[in-house]
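Each structure below is given as structure tokens.
Both complexes shown next keep chain A, but they swap its partner, so chain B is in the first and chain C is in the second.
Right, the complex of A and B next:
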């Protein structure tokens, strides 16, 4: 019953039913840490602290971008993607299940100290929504849009704005690969001109706008803006549910490290991508939800001890996001730590002889402080 | 009056200063004892200790104890060989960087071996070694030369004379060769963990440039067998 091997070779969208794991089968005490329930919709408190498997084809379809780098390496090494079910994610899923979609979109902000699992919680929610058939607008890291841009073009659409063709085209490519079927169904409601000769007529599928953005890098940022605007206007009709998932939302209201040709600093409003994303994160549309994460790790000009929404968003960001539902993500509880440790042992990740002993386990718990990222980094060389 | 006493003082001072000045000397007095870091030695009940250990414990109550250096730790995961290797990789005292490179190397070795392990068929799984520490120690052992060469000058000419090596010298040579091989003979843009993990895995299987260097040294020693009698120690 707990054997992962026999469980779930499912198609990416087929709903499944399977019995959640309950008892300890004889002779396999470690398998308690796994659950064969691969559908996030069915995760409840009894699955808390357990790891569920996402089939690899689904990982490629749902997460073309967005998973943390160390987790991607782990998927490649272990040949499977196991995500732990934790309380903040369960709380968020309960809110999403009970939300009324005719009301304006509720904003959820996941915050916590460094390395506690905010991005993984966001990925859990994204997986749930894509299983339920929502349209997922996943921005993997908003900090990438405000720093290290090699090319900044002056926008043809608005005088003072700056375009970022590279970042926009990368995002469009990933967006296209994860939401193919929606791009054929949703139609544009207005005619859009791309420069003097090219245009997209009214009533064409949104996929054409995305193709245009990918083909012409100059208009990629404008294509992103068009996509966001269309989705926002059409989400209230109810034909699809929209999830806006932004990781590192504090980048939208901070400072940037970019500068114009005359060496003057660029503020975030002057970037097309950031401007359009700010409009998306406002709660003036209905028919979906907005789930965001704060992140100090990639942030600019913020002290490393800052983790609360007030510190990271600043006054401007907090006022823009207010009201929101804050969801704190703590370090591992003792049960979750046991689960993670057992998983590493079972996949032969902890190879040191002393790591298998009680002393080694106590030392790992002490040194990492039950912080998921520290535990991962410590267990690497062991 | 001052001149004869100054000369007498100089003579007496020179007699007091030893002819050889030691370069490395400890600030500690001889009465200081070494610190005991391992947790197991404190967990033994009093009855199980032997006579010497009881004496040692009593000595510890009266004698002062040296401060423990930052390199020794009471963690169960420390390994003196790995610490030595890390120190040899260190440049300009940047121990943080050297240690992080070492842990990344061990992790890279583990990842490569685990990927091989998961892809291998069932019957071959036992032969694949996944423990990076085992691989490291075995690779070092495989790289250690048995006999070395030393320059001895006799009659104006310098000869390369085959000479036995101490354990410490063998370990040092193995580590030195590995590190120089990784630093010099690789492409400029590959990172150290990648290079080192590759070299360690090759040395574990008795292949690679470091093993070749060891064989070259052995062959030279074999070729110069005739001069072995020049050695006087």
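Right, the complex of A and C next:
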């Protein structure tokens, strides 16, 4: 998660500045790196390498979860959220703008080496979609669901499956805070039974399902499943657009570190959350898009040098996700590096005297290898 | 060995034989005969011609027959002429009737004082010659000796030459006398005598040869360098007109050296010369661990960069320690101790 975070972090730094509508700075070098376009819809190649600002209230509304840890710390330090506009994100946005929503949902897989900005690209796209009024289903890190789970309950719904009440309730809470208005509008289409006595009737707003899941931890995972299914069916009909944004999608097809009471290992299908998510990621519905990221950092039992889809997804995952549109995310180009460095300078993040010189910049570029995460870590103590 | 009564002046600590045993002439002669015989045997063993078997051949043969992994050269097996092994010693300095041969024997430092007398005699000679030249109104020759490339004998060398102990005071007086002699304009007469007491000093820098740049097919200049550090050895090829990309064994440095410290080591030569983004580098490295591989590549790249850079900067690099091979290797564990230095825990009982 951290490298995603760092990538996001640095990308965010490249964010906007509040220069009023003028992209070309009037003699001030600082403004070169910033753009005033805070709507991702209007980002074009002209804005490449520049940072745009997201107002803090929007950040809280759109990203209750999902921003990398380091980026969140940076937002707190600098009191603003800046995301860099980079080529992969622009590519994705172009695809999304031009996609036909009556066709089945297209799957995009963002991949790249560690710390290059995959999660930040995802967040950029999520921001765009939320601005456009889509319903965003953002799973911050699928790896969280397959490891370090304290409680595993046997599912009441299906015999073999295992529930994860903690993770499910956390996710439901965040989901609720980001998509309030949708939850009131969308109605359920079936009657759902939660145990013997409680049930949700047909036609009730989806918010009730979420409330139910939050109130009763036991049925949280089932609530998640219900939500996912409803959303899938209804976006098929076309009343709203649905974006499924999954970070660390390779967790869905890997191995888990969890084990049952008799110490036998748990495979991902046996987890309710994972099972439902897999159904979401299949492209048998239309009216939206699926954007996923591969992540090596949180992945289990995979070598650290693996970053291609084939290696990280494994055969099963690759077949399940095939066909998809791969979007590679490289390290910073020299221009992007300049703008990131300029942003740090401007916010006085680099305090060391040598770091302010040209030589210092060359040194930073060499030592970090233009990798956003490395640059962020290097610039920290300076 | 028969113990011989010699004067106390013969005992000196610079030569190898420091014990009370001294060697008789007969003993030395016998050793020489044995050595020659052994030399012929060795030549036969190695299949070479006994007549033309030189000292170098002997050394090679001994190194082959008795391979030794000891670090100190002096501890390895050696077969040399007895005069080189047994230190010179003074013959008996008095006759059968007890009268000493040398007239300065009773001063205690006979060779030293005789040397001083001789040198002073030469000095007087030069002064006389100078007076003669002035009397004849001939120009005095003024050819400066090259003092920069030569040095006087050290005290130990002087002791070896005189076969007796020389104190610091005496040594300095002798050197002062020599300098006084050399300072005179007509000292060229006694040049031969003076050369006995001076030695050539090889200048450090002249030994190092910097290779010229080579050019590959595309016309880009490049140069190679090799480096080693603690069982890791590396070769580096530095190309000109580059972007600062560095590849190690085909892998980018970000992946090969995930630790910042190693990358800083690689950065150091380029940063020192101020050429961070100007060169590309391709290296191969093997052996050692993470840190020693980084050090080896650093040395190799510094050596390769010498060809791109002026001599003054090469001197700066040398003084910064970029071009020096790091001699530290893992020290051997000794018996009776737990490690190279650590002793076993001492228990009182």
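Heads up, the rule we're going with is that the second predicted complex is superposed on the first by the 355 of 382 C-alpha atoms of A that agree within 3 Å, B and C clash if a C-alpha of one lies under 4 Å from a C-alpha of the other, contacts with A are read in each partner's own complex, and residues count from 1 in each chain.
The rule is simple: a contact is a pair of C-beta atoms (placed from the backbone, for glycine too) under 8 Å apart; a residue touches a chain by one contact, two chains touch by 3 or more.
Everything numeric in this text was worked out from a predicted model, so none of it was measured.
J.: Please name the chain, chain B or chain C, that touches the greater number of residues in chain A.
T.: Larger number of chain A residues touched: B.
J.: Touching A:381, do we find chain B (first), chain C (second), both, or neither?
T.: Only chain B; A:381 stays clear of chain C.
J.: With the two structures laid over each other on chain A, which partner does A:77 touch: chain B (first), chain C (second), both, or neither?
T.: In the superposition, A:77 contacts chain B only.
J.: Just checking: does A:365 make contact with chain B only, chain C only, both, or neither of them? Give me first, second, both or neither.
T.: In the superposed model, A:365 contacts chain C only, not chain B.
J.: So, does A:203 touch the first partner chain B, the second partner chain C, both, or neither?
T.: After superposition on chain A, A:203 lies in contact with neither partner.
J.: After superposition on the shared chain, which partner residues are touched by A:265: those of chain B (first), chain C (second), both, or neither?
T.: So A:265 meets neither chain B nor chain C here.
J.: By the touch definition at the top of the document, which applies to A:305: first (chain B), second (chain C), both, or neither?
T.: In the superposition, A:305 touches chain C alone.
J.: Who does A:238 touch here: chain B (first), chain C (second), both, or neither?
T.: A:238: touches no partner chain.
J.: Just checking: does A:195 make contact with chain B only, chain C only, both, or neither of them? Give me first, second, both or neither.
T.: In the superposition, A:195 touches no partner, neither chain B nor chain C.
J.: Same chain A residues contacting chain B and chain C, which ones?
T.: 359, 363
J.: Residues of chain A touching chain C in their complex?
T.: 305, 359, 362-363, 365-367, 369, 371, 374, 378
J.: Residue numbers of chain B touching chain A in their complex, please.
T.: 39, 75-77, 102-104, 106-107, 110-111, 114-115, 117-118, 130-133
J.: Spell out the residues on chain C that touch chain A in their complex, using ranges where they run on.
T.: 244, 252-255, 260, 263-264, 267, 270-271, 274, 276-277
J.: Where on chain A is chain B touching in the complex?
T.: Residues 73, 76-79, 348-349, 351-352, 354-355, 357, 359-360, 363, 380-382.
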